[in-house]
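Two complexes follow with chain A in common, the first pairing it with chain B and the second with chain C.
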Partner chain A sequence: MTNDVIIIGAGPAGLSAAITCAKHGMNVVVIDEYYKPGGRLLGQLYEEPDGSWWNGIKESDKLYNQAINSGVQLKLSVPVINIERQGTEWNVFTNMETLQANNLLVATGAAESPAPVPGWTLPGVMSVGAAQVMTNVQRVKPGEKGIIIGVNVLSAAIAQELKLANISVESMTLPKINSMNHDYAIPKNVVNSLLHVSHLSPSPIIKIGSNLMKYKLINKLALKFYPNKGIKMWDIPIQLKKAVTQIYGTDKVEGVTIANVDDYGQIIPKSEKSIEVDFVCISGGLYPLAELAAIAGCPFYMIEELGGYVPLHNERMETPLSGLFVAGNITGIEGAKVAAAQGTVAGLSIVNNTLNSAFEFELEEAIKQVRIIREENPIQFHPHIQNGRKKMQKYWNEYFANNQESFII
Partner chain B sequence: MSQRIKYHPLLEDYKDGKNITFIFNSEEYIGIEGDTIASALLVNGIRTLRYHEETGTPHGLYCNIGQCFECRVNVNHQQGVRACITPIEDGMVIKSQDVLPTPVKDWREKHDK
Partner chain C sequence: MSDKSMIICRCEEVTYEELIETAEKHKCSARELKLRTRAGMGYCGGRTCRNMVESIPRQYLPNKEQLGLVTLKYQPPIRPVHFGDLGGDET
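And now, the complex of A and B:
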């Protein structure tokens, strides 16, 4: 059977798009390989600037109920393995069946960048997002006492979540420097990015940021005055002058070796110490999960501010391939509210394209809404996200100037 | 051993579902409805989900959201099932993927080639 719309990904972007399309009478199927709807929204739990709490499980439930009540068909635990264009239709291959639709939205979200530290394959070492989901979604402690390697917005938010669940976090610290991880391992770079983000957002990181600011006021080189024992956030020491050099254990994590580092991330000899922990979280940042858009044949651009390679798209969430749309973190790393707002835009774009531009006004308004939410969003993953968005628009304009023809059919 | 987070200052209390009995590497364990294979094993104190196909080193979950394939196990004779995104079911028979035989490599190593 042919559907009007297939959506890959039941995160905030995919579900918001599905609700919008279904409310306008379209027949929508959403496919997700996870066993629950909500995507990465599920694990989120942070304090809003007004003091209320953003509870990802509740937000996911809301979206799920709206989707089901508007007639969206949801297929969970179903991985999409391939997509292919045939005539005017998109074929979507899952491990069970092949589905067809004229409109396809790829809303596959983001993934965590691997950030290997010696010993990282031992059981008990996990990405920081893994600990988030284990704690808040599965409600199992990832361990009794852990350490977080990588200091950034996401790891700071998750450190607090572990603390809330009464899990002991020894400290947050940096990884040992290697040729790939300068942004995460050199104290100067980390401090710069923290100061930058804290500037813009009242998110958890501001609490580190504003503490750092105090030092900044004393001396431009915040790092020089950064105390060796770290500064504390929710009682968790943030160590910007230490790095984990080795995770050790026989057949699971038993501890880490931690050393002092200079401002450039170089290990200070003979400063190594062992700390016993039973789990380790590694955080190397997020990148857009865009394989499926690549398979479909969408052109890609590397835009650092958006988190990596991003499929070419415009503010209407269209790609140059007719009937192919993208929304959410696949278009750049941002918080869940932006992803949801982009989903609504993608939904309206699909409706508008199908119904002879009858929803032009609503679409314009929804696009404005994305911009507003982006500015107000408490979680900013990249301080220059707006620049990234502008670059993408420029690439889009250039692409159509060079390729005279409109959409690729 | 890892514990269940029953009470949380902000999230709803954990609701105990019905018990689920399953087999992992020939031993019987109990998980709770709503667990994934990975969370049911972790709450039972088990972190090692598989052994590296060649080197035999132990591996556990890494991303917990289906992206890295570090957690793949054998479920009811089906290979390569991701333990972190597969809900546990009554009577499931789960096995760690073991070291695969590598006769050529073994021969080389033994003969120092």
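And now, the complex of A and C:
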């Protein structure tokens, strides 16, 4: 069966694009491997700087209802295993069937990087996002008392959510340094990334940030004056001078060994002590989940500010492959509101390309809207996101300067 | 438990020590590290350890220009799928 548009990913980007396309009379199908629509929105629950609450489940419901009312077809619990271009059509292979469309939007979002420490394979150790889904989506306590390894915007937000669910969090702390985790195990690097986000972020980070600000802005000083017992955020100590050296337990998590570390993440000898916990959350941050765009043959660039390898795209959410679009966290790690705005752009791009550029004005306006939302967004996962976006635009211009033919057919 | 015996690739049970020693000895790319150790080649398709396998060789590559160029490849199917669903018949 042939559709006008296939969208992979039912998160804020995918659903916003679907609504836009459907409202312009296009036949749209959205596929997601999870059994509920909403993507990473589902787990989100936090206080906005103005004091109102952002409830991801409600936001997901709104988008879902709008999509259904606009005539969008949703296929949930369906993993896409491959995509392939044939003539002017994209073939989308799921585990059940193959779908075809002239326009394909890949809005697969982000995945979590683990922060491995010895013992991380024990039952009871989970990514911080898994703890979030258990708590906020499935309403199951991940445990009675846990510890979070990895201090970043995502893990700080989820620490608050666990606290709201009455789950005890011993502390947030760093992992022991190894060859894979310098970005998030070395206190200097962690403080640096937290200081940059502080002035824009919602309450969790504002609190960490403003507390650090008291100790002068320069990160070396901030760290020097960072108290050994940590700074508390809703009674959860944020430890930037301690690291978990191992997670122990016979058949499951029974506790962690924690030690003091210097500014460079090196363990201070004989400072180890044990803390009993029954679950451990690990967080090495988020990276764009771009496997489908890679299989399709889209060129990739490593842009640290965007969170990893990102498929080449422009502000219209087009890739160099004809009929292939991207939107949301696959294009760089940002908040749900930016993702939704990008989804609207992708939807308008598809409509505009199909209807002989009749929606050029609306598209330009939607692109402006993305920039505005990005500037106003309280959640900045990377302090230099704007630079990352500029780099991508530069790569796009260079790519088309070097490749005379416009789009890859 | 020490760092050395820490499992990085759960599917193929490849340890941190094995990855570090291989990267140090062969000064190889992430792809070569994967092929030598089988890290990232198990049934999950490398969804858990991919970034870790990619980050280890960075410190041991003599030519830093190789960085970013050689990345681990993706290939279909990108999610586990029954052979039957891939096109086999019921008989």
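Note that in this section the second predicted complex is superposed on the first by the 402 of 409 C-alpha atoms of A that agree within 3 Å, B and C clash if a C-alpha of one lies under 4 Å from a C-alpha of the other, contacts with A are read in each partner's own complex, and residues count from 1 in each chain.
Definition applied: a contact is a pair of C-beta atoms (placed from the backbone, for glycine too) under 8 Å apart; a residue touches a chain by one contact, two chains touch by 3 or more.
Here the structure is a predicted model, which is why all the values come from computation and not from measurement.
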item	value
Chain B versus chain C as contact partner of A:G71, first or second or both or neither	neither
Touching partner for A:N178 - first (chain B), second (chain C), both, neither	second
Contacts of A:P299 with chain B and chain C, given as first, second, both or neither	neither
First, second, both or neither for A:P142, with chain B first and chain C second	first
Partner chain(s) touched by A:P237 [first = chain B, second = chain C, both, neither]	neither
Touching partner for A:A165 - first (chain B), second (chain C), both, neither	first
Which superposed partner A:F93 touches (first chain B, second chain C, both, neither)	second
Which of chain B and chain C A:N82 touches, first, second, both or neither	second
Which of chain B and chain C A:P118 touches, first, second, both or neither	second
Common interface residues of chain A - those touching chain B in one complex and chain C in the other	33, 79, 111, 114, 121
Of chain B, residues touching chain A in the complex	2-6, 8-12, 14, 34-36, 38-39, 42-43, 47-49, 52, 57-68, 84-87
Of chain A, residues touching chain C in the complex	33, 79-82, 93, 95-96, 111, 113-114, 116-121, 176, 178-180, 246, 248, 284, 287, 291-292, 294-295, 300, 302, 308-309
Chain B-touching residues of chain A, taken from the complex the two chains share	33-35, 40, 45, 53, 55, 57, 77, 79, 111-112, 114, 121-127, 129-131, 133-136, 138-144, 164-166, 251-252, 289
Parts of chain C lying in touch with chain A, wherever the complex brings them together	1-3, 5-8, 10, 16, 20, 47-48, 51-52, 55-56, 59, 68, 71, 73-79, 81-82, 85
